[in-house]
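Chain nomenclature is as follows: A, B, C, D, E and F, assigned in order of appearance, with residue numbering initiated at 1 for each chain independently.
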């Protein structure tokens, strides 16, 4: 009998800083059972760059009808709830609050997305916030792709987290320099 | 009696190029029932930028153990199948093939992701390919965030689509100029 | 050896008109494999009755902000896509189009919901349309329950179906007499 | 730069009693993070009205075989667990108990459904109980629609809730006057 | 720049008979887009072995009340619909029919499960039938584990498949010799 | 008026040891609301028997590429998170840790699977561990079925549980005698 894991681990074991792998290099859901339940918040952000005409359409919709952002808002909130279904090693968590904000900016033309998630739990909600941003961005893409297929989702990133053993973290440069329109 | 939709539509109706809204500005799932079933392919791409040390860890894992990309590969394929669950106006579709490729690049340090989806259907699979890229990117972020919380997901975009009434489309500049490391 | 099914079926077999059971009385997903793929449409409707003040709030939201119906619209469309996850014997189906309409009415104060679903398939989309109405109604309840816990969801019903072997069907009295406010 | 949210909120902010919207009118998942975890129960009810012959079939099945209600019972319990997937602003919650009861009544012919849900949490389970009733009702409709397409789901309503900051609530008139058969 | 896939594939490529990997050894969803749509059926089976007293309880329930198998029947049908959500490389498919049969046997005491699934599609439904058996078996375990925690799920296997390019297949020895009770 | 539940329960009530049924024989989700939150662990195991040549392929993949077990590992972890979606009476639970181990054995040729799940909750995670084993086994079957359709999933069983009111439990004979290859 020869074990698959034995074959993977070698003589010395696997000394990774990536906590989602064990000593033999196998993926696992990290054990958070000994962590205390604490209040935790995560904020993530991202952008959808687009043609100025596309942005103008979205902006018009926020006032009256054909509101792309109202659909993306619902999608983002629902997306945070699907995080553990999508991301293999994510712990399933309750969620205490989700807040989604859109800002329309012009140079370059884009929708900036910010999602804030709060929970009392044994592990953080960074992935919930990131998944919320991605779902909002994809929904905006989907709603507008008939007129602007070349839109780009950019700068999806964690802005800050609070709570948990490792303490608070805040991005040093939370607002990225706008990517020049020429880049794409 | 006064209708909500009537209240939204105004006298003139809503003349949007955004097909996910009807004449009164209400969101809807676009009717594709009269389109023919044709073979369709979509390719999307994106990147996860990171510290060079993080990239080195991922690269080491592809050879032996602690393989971040093997997990992300599975997540991406499963993510394409959840597209219609996440994106409100997406049609539920069968999928005939999904292919996920990762390329590791150094300046700046990043994992480039490409997802190709194929279907025979009445509408395209752009969103499935985009969602696959997003799920891979988020999974890489999740697997490595313990060592590099500042990673950024960038340039999530459609590369090409073929099939369907509107014909083929290919991005003019499919490979983005690397975003300078200083930007973040 | 004695079979469970044998024990259930008795000597004579089970002669039900309920096609979701077989001759021995066991539940099954009806075999539609020999039916042709045809275009099918189903329309369902329902109402949420409420206090006039609640209706006034919803009506105000349709013009500007705090739009309950915009959220319910998205929920209804997404709900149609979850039908086969919820209803045990429902066949999983693609969906070609979903259309959701709300009408605000005053005596009694209520939101009337209508959902139309279209597909090309081997079986109809009645349950998808009904589930869409249900999801819209529950979402309206959820959004407004903090101010009006006594709201009632009523008259959820099929209005019409077209396509399929059994042909078209249309409700004889599609608009129910408003239920008197005194009834609840 | 002009913000979408800014554009929506106006000078004075949005003073809604609908807690699922913030001051600018954007939908959000209400923050329950500061509420205590308490025991909570919700009871919801509803009816499926049908032809007397349909009711007779269902009644026959409860004794022996072809048991529509056994299927609906399972569907209702599973439906309560999908609530946060369906209702956009619902918090994902554990559930400690679900109880589903059916009563068959004759004038008019109908199945009355009652669902009781219990949890220890920061927010109530009204929506879980309501979703359980709706899933049971839709399943009954689905199982019987081949013989009675005109069935109507009626009177889906909250009966009582206990626990939580706002205290207990009980419907004043929990048993609705039967809707006359002539109405539909 | 050095590619992750390049690093995995080596000079000669990867010559696997496992079609769910490509030439470089990466997992993929096999491309079935060029296969014709044909009628396909798969039958899978399995057993849950238990104490004779547990079997007696289940047998009593099939006649009257406390019917474990009625719950497992619904679970099995719903489980077949979740196959592509659970099994990473499975194609999402419609399903045209699902049939679940239980047989109670005494030496050793066990419930034998058989699930038959039918579809018209580009790939087979073996996994749907196998997943249906698994879901039924796990549900029986769950319903009875309070009285018999040592139950064993055994012999989950494909019995037959028909349709598709590779033609029909039928297990040579479809009925396994009962595993001796002493073995566990 | 005659109640369906009344009809089922008879004069004396239903005195079952199966806690998932109430006194009238109706299925329910057992009320765990009065149980304390305690740390709980469950370990389940199972095997996939196969041709020696199939095992050789899997073994080769663990070292380099075409790694069937890497895919099954991810599927198993994600499968544990879907338990309450699949098993009707299962309580939805958070999960604090999941660990999946594979061992390759030769006589008979098989992959042995072990899944360990940990949670702090009001009820145990036996079903999560069992579902993880089943999902791993089905994924191995799916990945290899093109070369070995006759594989058998066997001996899926609980090995141990700790925590909870009823205390710890450990299987008396945790390692089953290998089923002779001739049996199938």
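What we mean here is this: contacts are C-beta pairs under 8 Å (C-beta built on N, C-alpha and C of every residue); 3 or more make two chains touch, one makes a residue touch a chain.
As the structure is a prediction and not an experimental result, all values here were calculated from the model.
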Would you pick out the chains that touch chain C and also touch chain D? A, E
Residue numbers at the chain B-chain E contact, same meaning over half shared and different meaning under half, come out as different
More Cb-Cb contact pairs, comparing E-F against B-C, go to E-F
Cα centroid separation between chain D and chain F, in whole Å? 31
Geometric centre distance via CA averages, chain D-chain B, whole Å: 35
Shared interface positions of chain E, touching two or more other chains: 8, 26-27, 67, 70-71, 74-75, 78, 82, 85, 88-89, 93-94
Which chain pairs touch, all of them: A-B, A-C, A-D, A-F, B-C, B-E, B-F, C-D, C-E, D-E, D-F, E-F
In their complex, what parts of chain B are in touch with chain C? 1-5, 7-8, 22, 26-33, 84-85, 88-89, 91-94, 121-122
Residues of chain A that touch chain C when the two form their complex: 67, 70-71, 74-75, 78
Quick one: in the complex, what on chain C touches chain B? 39, 58-59, 62-63, 69-70, 73-74, 77-78, 80-82, 93-106, 111, 118-120
Residue ranges of chain E in contact with chain F within the complex: 8-9, 14, 16-21, 24-27, 46, 57, 61, 64-68, 70-71, 74-75, 78-79, 82, 85-90, 126-127, 130-131, 134-135, 137-139, 141-147, 149-158, 161, 169, 171-173, 176-177, 179, 183-184
